[in-house]
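Below: the structure, in structure tokens.
The chains carry the letters A, B, C and D, assigned in the order they are written, with residues numbered from 1 in each.
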């Protein structure tokens, strides 16, 4: 795709004030049709654990903490409410980056030329107030048809696609054809690169490079009117970045087209079952003003 | 149900090591049948926002915080990765109780006679290590048929059920009959009391008392083999507690039967649409060792 | 003081790269002299508690949390290190704003015309990296002579100075004269307004207004070459702000002269003892890149 | 010292309800005498930075976080208070273990036979409520005479004492004699092992073993009526623990005698200056119910 076309956006398509982007494609009719993709009733939670060790974490995001808020040492505090001896409740407090392990990017996550999707300025994100536009709470939650493209199976040369490989539109199309699935408007496209398998196999010693889609595939996905793209790597996109342009694919999908990105999802089980389509539900926490949320999408095959 | 029967448990039903309780009822066949409940394709995210104000919070759980991790003041740090001027990413860190606003209780949440579901001792919860058994990560995520019982509509005497009203099994059955729905094994039963509507209408001035189910309804729901019970109040159960027994209903459902509890869900939209059944997906964050998780369940009508 | 003089700064006085401001005045000789102020050996810790209730907190800073990290439910985890039964350790994690209750402002705290002390640009503060200049860790910790001016005693019309009263240079000078103390270069001047006493007496119902110093007093203190100004209110300065200029006094002291500000200190005990001078030590936590720190200064009378 | 004597405690010495332990030794007279130790007026802040990297941290305590609460992206929010363009304030929120880097143990930190100092039961520490007795807020803050014993200089065989070396009472006495200082009742004894120097020299690759005092030295220090013992290592005491008894020295000092322990202090500068005595102030944050606090003690030589 030529340089000039790359910069094309769909801003204004759903109104100049729209904050939901491609989620507008999910009409009840589209969701009904998506539900028809359910065949086996098998349920695949796609999130990986949130914990301080043995999962991919980035240093600058800190380490997730789960801290006990209330435990059996608090016995007695509910006596006034008729609490019987030996009865009690355990609770915790959690601390983590909104982009920890399996997560979803809000449209406020990335900006280009100081603008987010639909021309929202980067200054719509405030340190104290958070996102006044395009925050994760605008997503609310959604259901859609999901198509899983298993690039590991497609390339067929190992347990994962080699780090740094730029997956093209033609690659995605060939994988879809090989699996006998087609991508439709309103779909969530899940792309398995095997990166997570590699990370676990190498005990976290994986380097910075990762396989992922490049600009060509991003443009093609945008042209297919997909709602979201999910991947089992850190950023959906290939690293080193395509054209050495930081967050190049995020800019095409998130910024220019309002298409959501889901990262660090675990597709190993549906892939083992050759479950290539189904209904997916994605329900980020509605943290007001946040730039993303950990997620644990449910894929029903 | 007689007093002696109340203490009956189903421990061992799915094996002495089982940590998933009623989720064992959700076979692929049950999920397939649940998917058949989808009629309109309308999607209802049931979670309310996570924020420090204007939502029901309990003092002892602290106030949720969203803190900016990275914003436009960090421009320049990604130059080494080919970051173009004007391109950047916003991220945050969040801090909140695992039982904040809309949330799900793990089976490690409540104990009775120092025991959780399936006889797991209260000391399976450690301050440092967290839950070594029955933690929220064991839930993983699930899909089921949902039935919404609108008790506000059923009682018909205002915008919410009066605080302190003990909703009985007969009440639930009558509401189901009036709505023309039946409860089946493997269902998630959603009970609308209007408590959240009251809370918002009164700007958070609602007192401690809340309408909810009592022991009679809890026993009946357990006898119906439901998977989870969701409510729009703080604790599913009536407060003051039935028989003045602290967490009486939690003990019946969570402890004795491994039936999950979902709290502070917002049913106002599906109730307005008279959407009484559908497919629900519930995907807690897999925080290893945690006692619960905020959730934002997706109900598809 | 005329408008043009107000804008005068001392930038460059200790070099163009200086990041410590007035702390440069504290030579060993000055500290030796300060130690000579010790008369009784009475020790006054000036910090108030850090807790979620019953202390003045500002909503936007969130509520302090102390969460248990390790307690007696963790028994057994140290057996491998020879831990005897019944032996164990309690630990916690704390979360709070760096400007919580009794605290010290770093020179990176406030900026004017986009500049901090010594011309450091506001962009030296990054969301992710924190302060690359003038952070609290540059303070390290210090000892100085302290002079306590009791304005409640001076005005003599109640238990606290009325909210909104602008304390002038003449007021400070008269109070010093009345107490028989003089202010010297290198001093920490502590100003008691009674605001904390009022806050506690009114159970936190105190409004936004507070007594404090205005521009006139700030200029005079700067002219006396003091190192820091401490107060028992939220901001040292009078609120509503002098000349209705937000943070007017912070701009004079912190930005233009590199003079530190210590807030929410409790002077009730030394004031009751009529301890008007002594040695003070101030030791902020060296949180790298932070804009301030809670403190608990030690005054030795 | 014989085994039976080791178990001797001083419980009750300052009353059966005492919660301050050896701090009771610090009368105004003792503090006055301590102030007389000031010779040069040189000030040494003894705390090391609190940051996520390049300082000794223990995995189970998590990583300290400094998160920006408010920065220049928030411009405009104070316009209502008369904020001029270009004026603003930077603030942060911090999260860290109370025992992070340089810190002080509260008397509630360690227990033996389920008891803390003065017979307080381990259950005085609650997950939710924190320490109801012996919390760090009971310390408040103190000033005392400090004696620095440089064991690196004393042993004279390198830049640090070898890891695992058990420093005895005779070693401490010999070092004191060599330096020409004596230990008095009410002193804070600072023991330099060089461990921090080793840690920094080895870029954090230091193992678990560390030089420190053993039971013999702990008993001797208790017999000398010291108020606190500070060290440049993780636990004051030798690791592997003396007699392979987990926290053996903590039990003697903290539990049996109410003597405080200060860890990870940096003595490199006073040692380089051969500053062997002075006045020290220690001011933990008064976090209500906490088991300890980061500290940054001020030593004035």
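Everything below uses one rule, namely that a contact is a pair of C-beta atoms (placed from the backbone, for glycine too) under 8 Å apart; a residue touches a chain by one contact, two chains touch by 3 or more.
Keep in mind that this is a model prediction, so the values were computed, not measured.
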item	value
Selected pair, out of B-C, C-D or B-D, that shares over half of its residue contact pairs with A-D	B-C
Contact-richer chain pair (by C-beta pairs counted) among A-C and A-B	A-B
Chain centre separation in whole Å, for subunit B relative to subunit A (CA means)	24
Computed distance of Cα centres, subunit C from subunit A, in Å	45
Where subunit D touches two or more other chains at once, by residue number	60, 62, 65, 68-73, 93, 95, 123, 125-128
Subunit D partner contacts - residues on subunit A that touch it in the complex	52, 59, 62-63, 65, 68-71, 73-74, 77, 95, 123, 125-129
Touching residues (chain side subunit A, partner subunit B) in the complex	26-35, 38, 40-43, 45, 47-51, 60-62, 64, 66, 68-73, 78, 81-84, 86-99, 108-114, 122-123, 125-128, 130-131, 137, 140-143, 240-241, 243-247, 250-251, 279, 281-292, 294-298, 300
Residue ranges of subunit C in contact with subunit A within the complex	60, 65, 67-69, 71-73, 93, 95, 127-128
